[in-house]
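Each of the next two complexes has chain A plus one more chain, namely chain B in the first and chain C in the second.
After this line comes the complex of A and B, so read on.
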């Protein structure tokens, strides 16, 4: 499957240990900046009830959904327990020339 | 048991459940007060300190009061100690179950999980079943046919309310559910909100609890004393009154089938002792709007958004003076509800979504 690198934002637009929402061609993504200053991307909606994860809380490598507190590891997409049971899809991320890009297949 | 048909069908498999899905009331988008992301992150921030302190006080007090109750057993001096022990067991467990179920009380997840399991046992709520039912309660708060945790259905059953101050109805159904789950049966209603992969856990917990209760009853018989049951099990009855007293205020007498927590939830200012037992769930509009905010940050959240909320009730008594007459009126007209007035600084209710219930005032 081919991937397109899509520019999301300037690297500084995302605070450390935080997340932003990125909408592209009818799809929504969550793009994260970890406490270690690394960037990650997942699908933007919680797999439990389709809530935007970008309104949630980033704690270390965990994103917590704002509606029911379901937790995922945003680096791997792994669901960490009830009420989320289905993993998040993750996307490759790169930072070039001060901008964040994600690879959307 | 015979049931009297009402206009509202609260069954999770019934007519109103289907209507809520068809009309878009189920899993709808709810109103939120705007809070800048930076401030929201501060509010959501987790820490262990407040909950560790409160848990040490909570469980430490139980050991102290329970110990003094045992020491003074067979004398009247034991009564006040068991009354205090009972409230900590049968009421404080309600808020601990709730807050730790959200995973917000402690920063450290195992602490949330440990206190959640202990509190679930005390309040007699299966930790698996109730985690999922509460998830639904937050998705579809007071949506008839969708919310499994509507405490006061319309028209209100006042006898049931009174009996529940002593845990009678809740414990009756909790025991039935525990025995049924213990025999490996998950009900059709439970299946609507518990995923298949979680059901075995619910059954395992029910069997474990049954074993504990059987052992406690056996010990009481062996000793020829009710004392073991006064410490395990019965406090869910004689200590339940405080969690019912505060819990009824959460949504009682307010609107149903709306998508704005300002219309269906109530914030009540309370005394510090009740707030400790209740873990600040008196800030209930705030909790429902922003369930990720830990209990210890709710007063700060309230100050931040109160311009957008109906005025909080001044006290528990003030709340009951408003709620009880509404219950009485709902006996004659179950469509009656209290419409919360917003201050001039608030964003108005979305009348296009709420025109029908608002008209029922």
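After this line comes the complex of A and C, so read on.
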């Protein structure tokens, strides 16, 4: 499997316990900074309806969809109950020289 | 083996059935609905579901009911609850024994009295209703919508998207007068006006008529509006007939306590059909017609059907989509004394409603897409925490609401 590391933004561009939307080559991702200052990335759209998760609320390790409050663990992609039942895909993330990169396979 | 029977196969009944299994209930579950479909989501019926004339958006596929061992009976109304011997009787005579019963019977559209029963006069509640309305919406057609609530306005936006001309008739002085602040209703009305919807407020309707080819709204002052189709969206009334006939307490809906239990200890009710005491608002009795409430009560009532005895403590939450605008409301604003506005840019804003003691009791927002969603969600949490946030902080978009929550 080949992965491309793609630069997302400066590490400081994402607040702690927050999320931003990142669009790249026709795909959309959500990139997170956890309360303990780690970075994560998932697909950008909720698996229930096509809603951008980056408009939602991050609480601890949960992202909540802004439309119907579907919840996922953004570290693992796991769906946390109705109305979502399909997990989110996650992507590797690294921080180098103050920038956030995600690996898009 | 314990048998839990759920009457009403909508969002709430289906959610409760799955939540029972998620909590480890191992007995029998039977879900009974009067429509021919498996449970589906109703919110799309006035929006993209109508525009696309799609099949219903199912809450879950048949295989998930099978995997969760939920027996689903569709297309059969329940006609009788026999409480002494603990069974329900279906149309056609079949009886089903229960140990615990959940009534999630929903609501039905309020009927306009001076209204003929005709093909071209419609109401919107079911997938079948949506298809019938969709068939008459096209460029060159005209629809008259009676009622300026969420259903009427969402339908107006969808009809415009499909190219039909729209006249919307509201009896009160403005649209969305129930539960939506005037400032936000004005944004909605202005947008409809720009999209070409004619809105007539303060109208007194004398009658609605139709023949095979046309429909007409007649006003008390002698005027009228001709259209290809009239859709009446003037609110909903809870489906309580079977519960009332069984002697359950009814109070603007099937009356339940804070654990969603009816006046019969083995029978619970949840969703649009029930009225319940609202914890965060001094226990005042309300009935909510909302998707989220159906979900939340369905989840909680599952726990209580299994004996958890937990109070329902959610904050009411509603949304509406019209064009690219989304409106969201958390809480109930009617006892507000002060309102604080927070502008989020691109025309989006939120109104925070505080009571006489400075407690946040509601927040209403509107904007494009999900512009207001995150702050409304945080407001909901502030309301639940009975917080008294500093009004200056609420009005300043630089102050993160999350910080107020932590304070």
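The rule is simple: the second predicted complex is superposed on the first by the 105 of 105 C-alpha atoms of A that agree within 3 Å, B and C clash if a C-alpha of one lies under 4 Å from a C-alpha of the other, contacts with A are read in each partner's own complex, and residues count from 1 in each chain.
Keep in mind that, in the parts below, a contact is a pair of C-beta atoms (placed from the backbone, for glycine too) under 8 Å apart; a residue touches a chain by one contact, two chains touch by 3 or more.
Computed from a predicted structure; not experimentally measured.
S.K.: Will chain C clash with chain B on chain A after the two structures are superposed, or do they fit?
M.R.: clash
S.K.: Quick check for you: in the superposed arrangement, does A:52 touch first (chain B), second (chain C), both or neither?
M.R.: second
S.K.: Report for A:67: first if it touches chain B alone, second if chain C alone, otherwise both or neither.
M.R.: So A:67 meets both chain B and chain C here.
S.K.: Between chain B (first) and chain C (second), which, if any, makes contact with A:82: first, second, both or neither?
M.R.: So A:82 meets both chain B and chain C here.
S.K.: Touch test for A:4: chain B only (first), chain C only (second), both, or neither?
M.R.: After superposing on A, A:4 lies clear of both chain B and chain C.
S.K.: Based on the A-chain superposition described above, do chain B and chain C contact any of the same residues on chain A, and if so which?
M.R.: Shared contact residues on chain A (touching chain B in one complex, chain C in the other): 55-57, 64, 66-69, 82-83, 85.
S.K.: Help me check something: in the complex, which residues belonging to chain C touch chain A?
M.R.: Going through chain C, the ones touching chain A are 15, 18-19, 22, 59-60, 64, 291-292, 295, 299, 319, 369-371, 373-374, 377-378, 402.
S.K.: Residues of chain A touching chain C in their complex?
M.R.: By the definition above, chain A touches chain C via 17, 51-52, 55-57, 64, 66-69, 81-83, 85.
S.K.: Mind listing the chain B positions that touch chain A in their complex?
M.R.: 27, 40-41, 44-46, 102-104, 107, 128, 131-132, 135, 138-139, 195, 197-198, 290-292
S.K.: Sort out for me which residues of chain A touch chain B in the complex.
M.R.: Within the complex, chain A touches chain B at residues 18, 48-50, 55-57, 59, 64, 66-69, 71, 82-83, 85.
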